[in-house]
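A single structure is presented below for examination.
As written, the chains take the letters A, B, C, D and E, and residue 1 is the first residue of each chain.
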């Protein structure tokens, strides 16, 4: 399981996270919410190792990974669907998916079928360069790419952004399925409240770099959460 | 000062380092030798080395620094003509002396420069005469090949005039120029083959500069051009350039110089031995510009002794008529036009990277600052004997008071 | 005139000797003539040596062949004490001697005791003719062909009967063809001695050949005012025209070949840059120095061979390849780890840093190896020319370089396209942060990518050492062209690099005969500038959304 | 400027329409991103465009703004201006502004400077050299800063904004440009539900004076706009009408909304 | 950050607008120049404050290089156009001035031809080529010094910017341009003295170039030109124009969608920059006494960029500082450590990139934000802004 313990994070001189804590367990979806610029993405960057933390500690599966570079974290089963998609623009769809193999032992180096079942468009466009895809297609590719890594911790930063309604529903279904398998912890950043509410087992709400609410889905009162989401 | 300072102005980096570094070492050796002999006028000589980095304006800057900053008494340096042209105003302004050791295109005379390399009449013209002679193969058709800059252009202009005077028509003369550092010679070598297959005995006169020579000769070898069919005589290819080449396929091609390392004289043997001792590498070769520095330096030493001072005007005056034994035999003498009289040697390339002398002038030839084959220049003379001084006049001029 | 007579007499003597003895036998050679001729070689001046050559040729003695060859190659010496002549090769401290009379080893001698017998170009021509005459009756057809060819190069009218005789006895088709040509050449050169009809027949034979030599002969007829026969002149004029047409067609092919070969040199120099610059986006000003390091690595390998295994020198290049790759690659990796990795995302700063590194590397090499050129020789299998058809010669080393450049390019393409490393390399350079998040160890990938690019530059250096200076400045002379090629082809596209290099090479070589080298180069540069206006992202530009962001 | 005297029956439409697309076809290496797309907008209209991922919505905007040249078809602005013959700057100067799907702002300049760059003012070189913001212009910038809620960050480099903040900044820049026709690609992506609603209000308000085309996948947002909806599919119009009508269209449900 | 409401208030007093660095620069350069001139002309050579002639021409040369570097910084640092051919404009300006100086020699050349320079006499030219006419007039020459580089920049820029040649493609073809010019100027037939170029200048405006007065005048003019160049650049950069070109540097196509005609902006910057380079060249030629085609070598142009990078890109003052520092280092090392200087210089370049990513000027403007090596960290998106701004408000 993942536990983030009182981390501080800075960009240059400005502090983006102040003593943020979070935990995520396998088989559960932990949802992080908050307005624009409160530090959600920064928190995820700290978890996957893209931005160093100034203090605090991150543990994953019982090991301290605070100082590990992000490639090593990926090799320990942490995959991310970043905000802004960040697909490799000049690699084909197929090659984009295959970049996920780096963290896998050689016998597992194939694209799982459910990726194509979920996003048939990727199958049609295997030979097209990632950068040529439409925004929503790129988002689907980014999710597919993360799934190729068979992660034990899946970190999703606004995965529904730019995706058509029917596919959003499917993504919700997949996340639910993955949770149901029980071997994966999922951290989801989502602005779209209904989507989050339907999936989340736990909530963390952030404001101005701090956690202002946290608890299980059952404890959450929609009004309270929404209050933190309006300006 | 308690030492006599000698400035050394040779590029140690950049494109010309390849040629000039050796000259810096040669100068250091000569100075060391002189100091071992007790120095000069009871003082030690001190070398001041700077690196003008193959950058022409930097040459001028360094020259000024040597003369005004380090207060050197004489400067030995430069290789390319443009570097000399760049420092020339500085030497004239500050009235200091430069010894310039490399063969060049002539058409210049300065009271502050002693030209110890060959003028065109000491290299190019004898070489072509040799090619036209029976021993040289009796060539009647000439390809003049050069790097596109002033030295080849001038030399070829002089040669063309000379050849025309010898009855060789313009259609039997091919002039081709290449950029500096040209490395792809395929087309030109093919052209040469074609040019030489018109039924007349043909020879190539090369004024290709520095770096471009190695690929040129490699291409000659590769295309199987034999010296006996199409001899190439070069004016800028010496032992140093050949050191970078496997010369087996080039045996028989020629060069014209005033010095070859292979010449067997006691002076030369001693010089080579000293050089090897100094540079600590038996494989290093000597070459013509080194000899020029050797002559120039020794002449300057003699002149200083004679004048009893390093004062520039006194030394200049003492230089005239100064004689130093050539390494190749005979005696070099400094003339009032600041050029030397030297023997001219034609050598064939050997498979060991040396030249074998196949022809030489019977006596020495006096370097001519102003070529007789250029109309504007033919009427000029140079005579720097005080008080009648002038480097480019039709009659000597009087330098007042 | 007297000279010609003398020569005729001499050769007739030779002829008589050979004819009397019959071919392929030395028994009949004028007894003692060979022994008599040897001491003449030690006389003073070229004239004496010339006489000796004549005498040796006239001896008809097959032992004269190696002696003349040695003389021509500068391997003939005499002992100063007793003027005994030896064939000598340098070995160990002194010379390894061979006795010319017996052809057997004659021990060694100290260098100081021996004097080399000098030749000059005129003598070499003479020797060639003599060798031609002597070799016409060799049992080896190859030798006979060579002999006939050298007679063709220096036709001597006095040898006509000899050639006729050889023709009547020879049944090797190759040798016969060469002999026919030699005979034709002799007839043409014979002046008054051959009839106009003979000459016209000879011209007809020559007109079939496509060689510069034939052309020179025919040109000679037209230039020769002594040639009175109008018929001969006309025939020669027509034949010359035929040859010229063929030659000019071949010249085009040759130009294209030269263009391709120049293109492959450019390609070789640029491929490494296509990785470090094209793929990684590092403006690598030290690329040329990597090429230079490769060339010096070649030099080191060759030196080692020269010292320890001179007989295997031909192997030095194949061994230098991996060595140069490793040396340049290692330096590249060190550079990447030490400096460049701190500069990703700041491509323009890499220009500054790599420029600094290139200065340091140049000076380092200058300090270690000295500023002067180093000798790297070509192995035998890379020297000489291959005659594709008559009159069309391709130089062997260029063919090798073309093949080599293409092999390197395609191997690299395969690595990029089909290996996991290739995929990771491209992923890392496109989005380093995301690649890391995918579990790709970008530091490792970066280092090896840069190492790969540098290593390839290193092996380019091996090839370039074959045609250019091995000096500290070597790299500088290729860096501009390399960038031009990569950019012209389209950054990040190896096909573009290939096509870019080849088109620059070919255009350059097609222009050069008309415009001269300097103007040709200027025109090519202008053409590139104009071309980029049409295709602002290079020949093989990547298009579409993917590149825009 | 060439006059368009299309002898077509739709000449009237051409004249009236502020934006007129007809038969626009765009293909990339054989793939048709737009397939004979036709669309026209009246001045002051607010139009939502929806459609599956890859339907060609962004490509359509690319065509209108001059980023992509269509292989075939007519694109005219205000009847007279042939958009396929103009470059990006010229089109922008005609009064067409755009917010990109992926936020693109000038990362090294401050939020304030970003807005100032977008400010409606002469775009010429000399004008830029002489430019000095007037009191009113500065006030407008302040106002927009308030609307996009970035007043606090106005002097920070835009590169340091969060994803959502960049979205807002881009909307702000569009407001500063004050164009006649606004093309807004997924303005609500990454916004909270409340912000989404605010954006919808903002656009509706703007549409009172301007013509607006909005692309969105968020049906709540589209509903809040309360405008005519065009559904694109595979590069062509699949359906057009009110949101309710479109939502009940079986084809739209199949390819887009899902069950 | 107190002036939040007016971040670009353009109505502050002149010097305040320049910021501390700019102010120091604008004051210091002329003051130093005046002191040097005074030290050279007024003090006797025996005085330890006497400035020797060679220092005068050396400093004059540095100032020309500083102006040149500034011109490159204007296009590279602010507009993102990396020109690897800027030496061409410098050389053209230098040649224009060289032609004037050649004409001033008159019949004092070696062949005493009153009209033709020596190299033409020698090549058997009978009359002055048309493009040499007018250069006997200084005013015309000065016009040409600006016009010729400006025209080349206009033609070259017009085509390349219009066809949207950007980034390295632009860099490399600008390099090709200077390379082609170098080859062309090497040719004797061009009528510019071939590889030797032009040397042995005698006087300017009737004053001997080797006189102290002339040296002082040239040094002072160079200083004034540098300050004028700086003010011109600042005028451009501080206006909205400056922000547009920054926008072009960072996101060219986005700028287009805002309606800016990117090619016009680039063209203007490029022309101004080329003219500045030309002016620098014109001042350079009389001070070093030679102009020849080696000024066109691509390596020279690359070096200019290096100066800018060393000093600090996008700071103008830094570019000037970098040019002076690198060249001073070169002058000094090549004399003091002739065998080692390349190691030092190369090492310096590497060190600057690693430890002072904002260049030497960045040392002064840098806030203590931590270990510079961390800049290589993935995920760094720290915006880079001209240091001038950081210190300016």
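Side notes on the structure shown:
FYI, a residue touches a chain if its C-beta (ideal position, glycine included) is under 8 Å from a C-beta of that chain, and two chains touch if they have at least 3 such contacts.
All of these numbers come straight from a predicted model, not from anything done at the bench.
Counting only chains that touch, the fewest steps needed to get from chain B to chain D is 2. Chain E has its Cα centroid nearest to the centroid of all protein Cα atoms in the structure. Chains joined by the most contact pairs: B-C. In this assembly, the chain whose C-alpha centre lies farthest from chain A is B. Centroids of chain B and chain C (each the mean of its C-alpha atoms) stand 30 Å apart. Between chain C and chain D the centroid-to-centroid distance comes to 65 Å (mean Cα coordinates, whole Å).
With centres taken as mean Cα positions, chain E sits 51 Å from chain A. Distance between chain A and chain B, defined via averaged C-alpha coordinates, is recorded as 75 Å. Residue positions 11, 50, 70, 132 of chain A each touch two or more of the other chains.
Residues of chain D in contact with at least two other chains: 28, 102, 160.
Residues of chain B found to touch two or more other chains are 12-13, 148, 179.
Residues 76, 82, 159-160, 163-166, 168-169, 172-173, 175-177, 179-180, 183-184, 186-187, 253, 298-299, 302, 305-306, 309-310, 313, 339-340, 342-343, 345-350, 352-354, 357, 373, 375-376, 378-380 of chain E touch chain C in their complex. Those residues of chain C that touch chain A in the shared complex are 420, 423-424, 426-427, 430-431, 433-442, 492, 542, 544-549. Contacts from chain C toward chain E in the complex involve residues 277, 283, 285, 339, 341-346, 348-353, 355-360, 362-364, 367, 432-433, 436, 442, 476, 480, 483-484, 487-488, 491, 518-519, 521-522, 525-526, 528-529, 532-534, 536-538, 548. By the touch criterion given at the top, residues 46, 73-74, 118, 120-122, 124-125, 128, 153, 212-213, 215-223, 247, 251, 254-255, 258, 261-262, 265, 362-363, 366, 370-375, 377-378, 383-385, 393, 395-398, 466-473, 476-477, 508-509, 512-513, 516-518, 521 of chain C touch chain B in their complex. Across the complex, chain A meets chain C through its residues 48-50, 69-71, 74-75, 79-80, 82, 86-91, 95, 98-104, 129-132, 145, 149.
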